[in-house]
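There are two complexes below, and they share chain A, which is joined by chain B in the first and by chain C in the second.
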Partner chain A sequence: MPRYFGRKLLIYGLTFFVAVTINWMIPRFMPGDPVQSMLARANIAQPEAVEAMRVHYTDLFGFDLPLWKQYANFWAALFRGDLGISIWLFPTPVADVIARAVPYTLGLLLPAVLLSWVAGNRFGAFAARRKWLDNTALPIGYLLTATPYMWLAILLAWGLGVVAGVLPVAGAYSFAIQPEWSWDFAGSLLQHWLLPFASLFLVAFGGWAIGMRNMIIYELEADYVRYLRSLGASGRLIRRYAFRNAILPQVTGLALQLGVLVAGALVTEIVFSYPGLGHLILQAIQNQDFFLLQGIFLFIVVGVLIANFVIDVAYVVVDPRTRVGMGGAA
Partner chain B sequence: MSLTVTDLRVHYRTPRGEVRALDGVTFTVADGEIMGLAGESGSGKSTLGTSLVRLDGRMRHVGGTVELDGVPLPVADSAAMDRFRFRAVSVIPQYSMSALNPTRKIGKMVAELLASRGERPDRAELERRLALVGLPPDVLGRYPIELSGGMKQRVVMVVSTLLNPSLLIADEVTSALDVSSQKAVAGMLLGLRDEGLVTSMIMVTHDISLVYQIADTIAVMYAGRLAEKAPADVIVTAPRHPYTRLLISSLPEVGVRQAERRLDGIPGTPPSLLDPPEGCRFRDRCPLAFDRCAERPPFAEVAPGHSVACWKAV
Partner chain C sequence: MTGVRNALRVALRNGKLVAGLAVVLALLLTALVVPATIAYGPNEYVGPAAAPPSAEYWFGTTTFGQDVFAQFAYGLRATFLVGLLGGGLAAVIGMAVGFTAGYRGGLVDEILNMITNIVLVLPALVVLLIVNAYLGVRDVGVQALFIGLTSWPWAARAIRAQTLSLRSRDFVDLARLSGMRTPGIIVREIAPNMSSYLFMTFILLFGGSILIAASLDFIGLGPSQGVSLGLMLNNAARWSALHLGMWWWFVPPGAGITAVVGSLYVVNVGLDEVFNPKLREM
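Showing the complex of A and B:
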């Protein structure tokens, strides 16, 4: 068991290293010059002042150093918890910018991921046993899961926000109020949260329901179910066993989905102008904000790795077969 | 009479029509009898075995009755059958190696299975029965993947007979085993009967030489019907049905050099059960066939405990 987790941790460590390196490389190899765009934003006519500012900024961000030194400095700073200073929101530290956006993204993603997983699995297992439900729910499930996140988001925003006018379509809370600890604010937060949540939830729900329905049908045909049936075991026991075994691939699927979902949340946040990480990514790209982009990606990488690790551990708990394999090549 | 099967007909639904896997099968199994049920693949022997426990989705009960210990078994009504399964009639399935839930410890699975049938698990009795088939009690704390194929099979043997069924159907239990394990498993099956854990047994097999060692009687099936049923040594030494004779003569004998005597097969193939011919189904391959074989021969008793479906034998 310790060997198994030792190997897993090593793999996660390597993944982290590679991901962070790529993460550092990408913005630097993007076309465009962030210092140039900052100067342009400053809108100064005097060439001497412009030159002075360029030197100042280049020095400040360390762009004058050779690449390998920038890379080494980046790791050194990372271990001090220093993600650099945002170019877009200069001079706010990147860590602060991210810390402000993270609650919104997590508040949107975590419930959407977990609730859709739980509800989709329950519903899929339920639908598998009823022919009429299977025949009606399955096409709807396929439709939902094939829907691009942003398209559903736009549909919801248009239908419920613009046409029906019952829910707000932009922001995380009403522009008329300031964040504070009050029922007013909480209500506004919830109102603005509903549509982005629904668009993420529905798409994922369809996928989980279909996956679970197929797995349950497969499990109910398995030999151990046939054996239990020939011994007259109750339907309840058989359903319990089938559900328990069918959920295993869904757990793996959840781990795989996490990375994709962050991307899904990105466009959803953009559609609803929701001030989470996705929104920040867009701003960071548009403003050539290396440090912010790096910081956000780092956060996402760490998040996906942690989630995968948690699921690895959970898998060991729920599937005895992984435990047996641990002594050997696993 | 423990088991009485009368004119049982079970068909398989297929896209090309009904396959008459069991087409009028009549026989009895006495209390304490171990009946070997032999035949080539596709003869309907496994269908007969499973029909007595649980028809699967593709199988359809077309006619005939089954009576166990004087009570009719509702073989066509799966829900009504539940009452009899496990308690009155139980099965060691062909797929014993994969019959246990892979994600449950065996002891827990057995406890949950018994609880779902309203029975209380008796740990001491369970361990005693495991010892009977040579398994240590700690298999109860293990997952199926931690056992060898032979061990899983023996676990299934113990589980299936836990409620002392009146009739046990052992479906090809030795097919996947090596020769020495086959012998051991056959001995254990015999032990189940001798210990009184099961009253009578139907042992479905294609291996006549193995079933001969433990069975009291042997029934031979051909193309969905019974060809012959007789005491085991009569089937082997003095078969009356031409099919049984050819089947027995195609078995190798210990001590006979095969260079001196060529083993004979039976020329031809069994008829399709999708649209079987009228009359005796063996007549196209039968060396003794004559005009009357176009008429279906009755499964008639030619000697006490010896029934044959052949005009020549009557």
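Showing the complex of A and C:
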């Protein structure tokens, strides 16, 4: 087991290293001069102001230093938690801007991912090999998992928000109230949370249900199932065994799907102007705030790495083979 | 020949495969033929502003009087193109890495596996956000290139696992004994024995590329020239089609993406059942 975790940690460490290096490299080695293009976008007429900005940006990127030193400084700043200053919300540090948005993204993403995973697996296992359910649920599942997250979000916002007028379609809480510890505010938060949550949940649910259904079908053809059947075991018992075997690839699948789920949350937030990381990304792109964009990039990578590690631990818990070093799917 | 005919018969009797293929082909035909029949470009201001669907403009018009149906047809083109190029590139990289790692084993496998795992853990869309924001993407080709470069790892892993299980079979040993070189063995002995698997992997990569491209376009990092279904969604959201109740602006592009990707997935299940008799309905 130490070897299993050692390997995983090595990969995550290397991934973090690669991510930081990408982050450092892209602005420096892209065609053209980032400082020049920022100045051009700022669109300032006075030469003194342009010169002041050029000095400011060159200093910020540290372009006047030798490359290795720029790289070392980049890492040093990172370990101090310094991700630079946001240009869009000047002069707020990028780390603060991100810290303000993260609770919203996590509050949306974590429940949606976990609940859809649990519910999707249960439903998929239930539907498998039940002809009627299989034939109705399966097409719906494929339709859901093929739906672009933002489109389902738009449809829900339009149907339930604009046409029916039941739920709000923008923001994380009513613009009429201030964030505070009160029932009013909590209710407003919940109301605004429902639609983005529902659209994330539904798309992910379809994927998990399909995955589970396909796994169970393979499992139900396995030799141990035949053996159980020949012993006269009940269908319920057989399904329970099949489920326990089929859940393992789904745990791995959760790790594999993390990137897609995060991406889904980002675009869903954009649809609902939900003030999480997705909304920040949109603002960063529209305002050419590259420091903010890069900070968010690093933050999401670290988040995904941590989540991967948590899933690795969970895998060891659910698969006894990894504990005694017999391998299993690593 | 009877083998092929037999396989075709099984395939044509599979409802999922036939239905999925029918939808994909119908949309592909729309993408290929319809743009040629429309006299104006997808972004030209041709009709009345914000008109609902009518006999003249089947899908209505945008706030600016652009024909939504024309945009849809051209957008489908971009969607298929990004799927083909992005999915194709990812499949090629995935196969190259997967076959090499699985067949060679040893240190080569260790290194390739490490690289695969690193790219696998990096969230593709977020990497693409950074790359596209800095480099800017002008056309669908460049977008597909970046998508292909980031979405191959799971395919490489799956192909590697399959190769590992085929590597020690007798016919591979025989080929090796007869002096065949490694690339020859991979291309002529191993790949044909998992061709159905490779084809299904390509279909999934195809669908995945389309969805990633749609997300990028929606965020506003799509190709700066031309139309795509994702860009249509982006425009509809930006000009608040939602609040103006202009459903004909945002329903078709999303439905197009869902139809293409969803029916590809259904085709995949159908193929799986055709290739794997165990899975057919009892």
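Quick note on the criterion: the second predicted complex is superposed on the first by the 277 of 330 C-alpha atoms of A that agree within 3 Å, B and C clash if a C-alpha of one lies under 4 Å from a C-alpha of the other, contacts with A are read in each partner's own complex, and residues count from 1 in each chain.
Keep this in mind: a contact is a pair of C-beta atoms (placed from the backbone, for glycine too) under 8 Å apart; a residue touches a chain by one contact, two chains touch by 3 or more.
The shown structure was predicted, so the numbers you read here are calculated from the model rather than taken from an experiment.
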Clash or fit (per the criteria above) of chain B with chain C on chain A: fit
Touching partner for A:L228 - first (chain B), second (chain C), both, neither: first
Partner chain(s) touched by A:I154 [first = chain B, second = chain C, both, neither]: second
Chain B versus chain C as contact partner of A:L256, first or second or both or neither: second
Contacts of A:R236 with chain B and chain C, given as first, second, both or neither: first
Touching partner for A:W75 - first (chain B), second (chain C), both, neither: neither
In the superposition, chain B vs chain C on chain A residues touched: C
Chain C versus chain B - closest C-alpha approach in the superposed model, Å: 7
Set of chain A residues, in rising order, touched by both chain B and chain C: none
Touch list for chain B against partner chain A, complex: 50, 53-54, 56, 81-87, 90-91, 93, 95, 98-105, 112-113, 116-117, 143, 145-146, 156, 159-160
Touch list for chain C against partner chain A, complex: 114, 117-118, 120-127, 129-131, 133-135, 154, 207, 211-212, 214-215, 218-221, 230, 233, 236-237, 242-243, 245, 247, 250-251, 253-255, 257-258, 260-262, 264-266, 269, 278-279, 281-282
Chain A residues within the chain B interface of the complex: 222-224, 226-234, 236-237, 241, 244-245, 248, 318-321, 324
Footprint of chain C on chain A - complex, ascending: 11-12, 14-15, 18-19, 22-23, 26-27, 30-31, 34, 129, 131, 138-139, 142-143, 145-152, 154-155, 157-158, 161-163, 169, 210, 214, 217-218, 221, 256, 258-260, 262-263, 266-267, 270-271, 281-282, 285-286, 290, 293-294, 296-297, 300-301, 304-305, 308
